[in-house]
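All chains are identified by letter, namely A, B, C, D, E, F and G, in their written order; residue positions are counted from 1 within each chain.
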Amino acid sequence: MASAVPESPRGVRLAAGALCAGFGVLLVRAVLAIPEDHSGLAPVVAERLVDSGVKHPVTAVLLNFRSYDTLLEIAVLVLATIGVLSVAGSHPRVWAPVAEEADPVLSALARLLAPFMVLASGYLLWAGEHAPGGAFQAGAVLGAAGVLLALAGYARPAWVTKFGLRVVISVGFIVFLAIAVGVMFLGGVLLEYPRDYAKALVLIVETWLTVSIGAILVSLFIASASPIEELRARTGSGR
Amino acid sequence: MNAVLMGFAVVLLLTIIVGLTRVERGPSPADRMLAAQLFGTSGVATLLILAQALETPALRDVALVFALLAAMATVAFVKRAWHPGPSGEEEPPCQ
Amino acid sequence: MTYSGYLYDLLLIGTLLWLAVRILAEVKLFKAVVLFIAFGLLMALAWVRLAAPDIALAEAAIGAGITGALLLDAVGHMRGRAAPYPTDEPAGDASAVTEMGDGRG
Amino acid sequence: MTDALLVHMPALAVVVPLVAAPIAFLAGARWGRPVALFATALSIPVAFVIAWMASTAGEKLRYQIGGWDAPLGIGLVVDGLSATMLLVTAVVGFAITVYSLGYFAEQEKYRFFWALWLFLLASLAALFLSADVFNLYVGLELVSVAAVALVGLSGKRDALIAAMRYMLAAILGSIFYLFGVALLYGAFGVLDLAHLAAVLGPDVTGQAAFALITIGLVLKTALFPAHFWLPPAHSNAPSPVSAVLSALVVKGSFYILLRLWTDVGDPSYVPGMGTLLGVLGATAIVWGSIQALRQERLKMLVAYSTVAQIGYLFLLFPLVEIAGRHVADAWSAGVFHAVSHALAKSAMFLAAGAVLSRFGHDRIEGLGGLSRRAPVTMMAFGLSGITMMGLPPSGGFVAKWLYITASIESGAWWWAVVVLAGGLLAAGYVARVVVPGFAKASADASDADVDAGRLPKHMELAALSLALAALVLGVLGQPVLDLMVVGDPASGVIP
Amino acid sequence: MNWPVIALLAAVALPFVTATVIFALGETRSTARSAANLLGAAGTAVAVLAAAASAWQGREERAFASAGIELLDIGFGLEADMLGSVFAVVAGVLWLVTTVYAIGYMSRSADRARFFGFFSICVGSAIGIALAENLITFFVFYEMLTLATYPLVVHSGTPAALKGGRTYLTYALPAGAALALGVVWLHVLAGPVSFTPGGALPFGLAFVHPAQLTVIFALLMGGLGVKAALFPLHGWLPAAMVAPAPVSSLLHAVAVVKAGVFGIARVVLEVYGPDAALLGLTLPLAALAAFTIIFGSVRALVQDDLKKRLAFSTVAQLSYIVLGVVLASPLAIAAGIAHLAHHAALKITMFFTAGVVAEEVGAYRVSEFDGLGRRMPLTMGAFSIAALGIVGTPPAAGFTTKWLLGAGALDSGTGWVLAVLAVSSLLNAAYFFPIIHRAWFRTPRAEWASGPAPGRAEADLRMVVPLVVTALAGLAMGLLAAAALSPARWAMLVAAMEAL
Amino acid sequence: MSQTDVYTLAGAALFVISLYGLITRPHLIHKILALNIMSGGVFLVFVGIARRVMTPDPDPLPHAMVLTGIVVTVSSTAYALALAKRIYSETGAAVLDAPDVFERPEAGGD
Amino acid sequence: MSVIDVIGIAFLVVGAVFFIAGSIGVVRLPDVYTRLHALTKADNLGLGFVIIGLSVWAESWIVVAKMVLIWGLVIVAGATAGHLVAESARMARIVPWRKSS
């Protein structure tokens, strides 16, 4: 263990301990002083829920009342994906296909589970309108399906920088933004859905977001995952 | 009724905590991963019980997601994280 | 709120805190990551207890699906060399290994 | 139609680069360039119109996104401060875009630059306009991720490590900020800044929230001693990125601090906080300058200069706390310094980037003959150096003038001493570059290569025009000074 | 806008415009550059003269032409008044002369675009200093001058030049900081300060804040004293002699150093006014100036390097002006202001000479001047005239100064100044006469004995003519001291106003 | 102490614990994990606050904010992990103060 | 407490016992291969009993169907995971435990 990373010096640890203890005291005081009876904005949300086009308050907040937050949040996601692509893309090595290595049991599992996951994703998307669920959760499940397929050897990392993938990654954001701006031409302000179309627009946005989030999560994994050859080359054994 | 169901939830939580000791003890990464796989099953059971106890049907969806993704970690582990050296060594320390 | 509910909450929180400490104190990366995956699961249970099924759903999907896979991949990427700092010794040299495992408990 | 368009200007300021960003992402390296050029050029008139709207209105304007009213919905706020910051963003953003056209000569490595760059500009605009504490969090994250990704773009070892360090600091800062937001919401039940200002009371939770938010933002602004991430990040990034990081990105988090401590609350909301920030600022001035004097690489020197210059921004908190807004306009001093530093520092980094391209390295000791080999660049560096020193007629001079006035008027003259000492130290580190620049070309650089690697003219001119803008700001800065106080309740009472 | 305002603005703006054009033309287009430079310098000369004329016409109601912009309550203003016009005309007209000289001097040098560009900025800043309407404008141009001079000092790029430049900055920048603090402090205390004959401080302020005003005065003098080369702040001036001759000539004999003394004059006469004496600030300053006179002269005596000797002479001569201004009697003030012009014409001649000699025959040291008069009669003739003028041989210009100063000192009851004058004159003679003696009466070196080669001028005429012109101007200032528009008469008028 | 209080305090505790871990643990994976736990702590505080209402259902706004926060955290975690792996590939160590194993490039960003 | 409740609780108890057994197995069994049994058999059975137990209270058949689906998915996941881990352990040359050693 001569080459081990040294533990932080004692002084740093002590200082960090003191700092954290101080924060601890501050935070406990602050947290306990939060009034018990606060109602926040819950009543306002409840009151306006009928205008939002959806029945589930969290979805209403996310995709209508504070949809601007969500728009920017998706931008963060797209941005992080571009970041990962740029970090991984300049990686000197290129992935080679690994399909022939696929474990039969694993690929059977992937083929069995993937359709279920897609279905579940659709279900969560649909459920989000009136119950917990929604674009992000649905997209996450979709993305998991993609990651599973990738792990089972069904993904070709070579396409991570292709145009098609870039389209899928950004399409949710683009549709969201297009609708956000588009409604401005209908006499509203940014992201102001006309009451009658609110439900439909939210659904369109959510659907495309689901697709994009799924694609993004898969890309995040594939683009940054190390090639299996590299792993094997380093250890000289393994599967 | 709720109290009884919560009691079962406590038991299941305890099984998870007991399982954590296997993660702690190892010794091989496979042992740790295996224990984590067990938490998934216990978690699903807990969620289903809580769905009943708290009368929140949405928790079954959570359980569904857990069930769907239960194998993910293990698969990722097998395909990506665990490729032991010739001697079957333990994973390296990070510090 | 029932006593079993209280017990559940306290157990859950206690485990969460203990896990947090263990994750950060753990020297073995892989172990830390597995503990973190368990942490994610317990966080999902905590969201459930706080009547936030939306968040539980997200935590389940993300924690079990993406974050776990990414972390495991990262750990796998970093464990080819036994020593965190490169040495002149060939990778996997026994001198740089602290713990040998043969599967025995 | 024109009226209708006018109403949407605040939204457009965000939307223009935000639309361009995914287009640039799809378009790839070659076509990303015209997209970025067009979008950043378009942002300038938008910013000017917003500034015009703010100054004609004379008060805060709001744009409620989604048509939902304030406590629930998210508002964009247009007042002097946000209009000023938008204006600076647009101008600096355009200049850096022009520079980048030459700098990133279609290298595959940098194919994602344009998308990241436009996302960064969009997120800065979103940040400067937002009137909602949680939305500010999302904006901050957007800025951070974009900035970090840009730092790591070159994929070089040092750049990657710098990006990582920056990333960790930025996320940590965001988490602190988010904790503060949680406490604010818990204590007051609103997220909108104006509503928050209305209900803000002396409350333990509120004070803790302010403290947490301040810590988070101090980390992101890289105020001493939380500056550790800045010099490596700003010096290892590609130069246009360094420019925008020092010019605008650190100002983004400072801007939120300013809003919070002078718009929502005031520096006395948490006792001692104003003084603490001021002391840290003063230390930053001295420490950053001394470090800048010791660096061996030009970009490190410029980066440490940023550490020092950030210190000046924070002097406004104690002065506003001591004197209040009306006695001495320390507030204007801080904002004006932010503006002029944005212009000058971006010029300086662009010049440093030109030096790097021209010389192939940026070791200070090897910069002999710079004035002959790249006279325009040298000029840009020198002129921006004048603003760093705070010498007339630069914008930095006006800022320092206001600071000194404020500190003498409020009897806290020691801040004036800090300001002047900082100027002298700045002269020291600027001279380290300028002096050898006038030396005869060093032995290894023969005059034969004077024309060998000539820089694209637009790159040098971009740097020079920013430096000149910083200089002219000192003489013709009155419109900016008038603009930035618009809609500020405390303004207009200068006796 | 009427013509005086146009002249005023043009006087300040033209040099900057010229600088921009020079930078834009770049290194290669030297003919166009020289043309632009000459054109700009000529235009500036006309403009300052016109501005001075407007001041002359409006001398009764002082503020004739003024223009400015406002930033907060920091007003940037320009104004052609009698006092400012003296300095403006000196700087503007001598720039034209120097430009001709410099084009000749620098004809084989590198980086000429940079040189002439910054030179123009320096002159513009000096004229801006002269015509500044208030302390803040003055300060702005003062700092611009500081910075723009630097590239000229280090022009040659040799290690010695860089060292000289560093010394210069080490003195000038802290001085700027002190000045800045003083200016802002005064602004806080007294509000905007417009230069006004008889003082600009609000009535009674000296009684309310005597301590603060004293500190401010010290800060201002500390800031201005560096350029004015007051002991102990003079160290940069000899070091800066590494600069090319035109720089030493115009800047280190005229523009930069005079900016310092001119600033002192402005502050003492037109900001503090009688309050300076009231607060007891004048006497220490006068004593310091007197000491500097003696000190500079003594140091000059022992220098063998001609430019160094001239530099120390400048140190001493500048303090004549300071001394005159602080003594606060009309005649003394007139002496100070007149010497501003007198010393400019005379000392620039001597620096020109030093440059020509160095360029033409490679002589830098006084000890190398043996018989140089034979080789370069015109040059050394002009030098001799200038030297005699500075020593104060009647009827040369220096004599006028000393006469007025002595009379003024008697008026103000400071008779000890006479002693200083006497000692200083002796010392002046002691360090200049040996040069004249060597040049004319020592056996020339062999190659010089026959004078300049037949059919050739003794040196590049672009250099010789200017120095002859300035020498003659210096001579005329002394001979025609009583004429209507002579510097001495002009200074008397100014002094009469200032001492109101 | 109510159930909510317990969870909120636990959130604060997680925040503090992982802050200590973040500062003292050198390995990047640890730092990334620490940040994740830290944001988990903040989310607990948020959701705890959402429960402090008179109505039976919790306040949906903090829930929405936490969901946004989770997405943001996932994004930055993914990017940070990609960076960490790249750093490991380049330097052979996943720490910030990696020693100079390879020739250090002459200049910084180009 | 109705008969239905008793039946439900009884099944839950059985399920819980299996879970406990599984956990004890994971902790106590000697090597990775034997511990896999605890995972794949005990826990999946336990989950099955829990689901049967919960089904008695289910408000609709859809809920029951969902729970059964979940059970199925968990079984598949457990089986696959067990196989993969065992395979990996074999590749890693982890020696199976024998009584003699």
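Operating definition for what follows: a contact is a pair of C-beta atoms (placed from the backbone, for glycine too) under 8 Å apart; a residue touches a chain by one contact, two chains touch by 3 or more.
The model shown is predicted, which means the values in this text are computed figures rather than measured ones.
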List every chain that touches both subunit B and subunit F. A, C
Innermost chain, where centres are averages of C-alpha coordinates: D
Can you compute the centre-to-centre distance for subunit A and subunit G, using the mean CA position of each chain? Integer Å is fine. 31
Whole-Å separation of chain centres (CA-atom averages), subunit D against subunit F: 26
Where the centres are mean C-alpha positions, what is the separation of subunit B from subunit C, in Å? 10
Distance between subunit D and subunit E based on Cα centroids, please, to the nearest Å. 42
By residue number and range, which residues of subunit G touch two or more other chains? 32, 35, 73, 76-77, 80, 84, 87-89, 91, 94
Could you pull out the residues of subunit F that touch at least 2 other chains? 13, 15, 17, 20, 25-27, 29-30, 45, 48-50, 52, 57-58, 61-63, 65, 67-68, 70-72, 74-76, 78-79, 81, 83-86, 89, 91, 93-95, 98
Residues of subunit C that contact two or more other chains, please. 5, 29, 32-33, 49, 51, 53-54, 56-58, 61-62, 64-66, 69-70, 73, 75-78, 81, 83-85, 91-92, 96, 98, 101-105
Per the contact definition, I'd like the list of subunit A residues that touch subunit D in the complex. 26-27, 29-31, 33-35, 38-41, 44-45, 48, 64-69, 72-73, 75-76, 78-80, 82-83, 85-87, 89-91, 163, 166-167, 169-170, 173-174, 177, 180-181, 184, 188-193
The answer for subunit G against subunit A in the complex is residues 73, 76-77, 80, 83-84, 87-88, 91
Along subunit D, where are the residues that touch subunit F in the complex? 134, 137-138, 141, 144-145, 148-149, 151-152, 154-161, 163-165, 167-168, 171-172, 174-175, 178-179, 181-183, 185-186, 191, 235-239, 241-242, 297, 299-300, 353, 356-357, 360-363
Residue set of subunit D touching subunit E in the complex reads 329, 369, 371-372, 375, 379, 386, 389, 391-393, 397-398, 400-402, 404-405, 408-409, 416, 420-421, 423-424, 427, 431, 434-436, 438-440, 474-478, 481
For subunit B, which residues are in contact with subunit A within the complex? 57-58, 61-62, 64-65, 68-69, 71-72, 75-76, 78-80, 82-86, 93-95
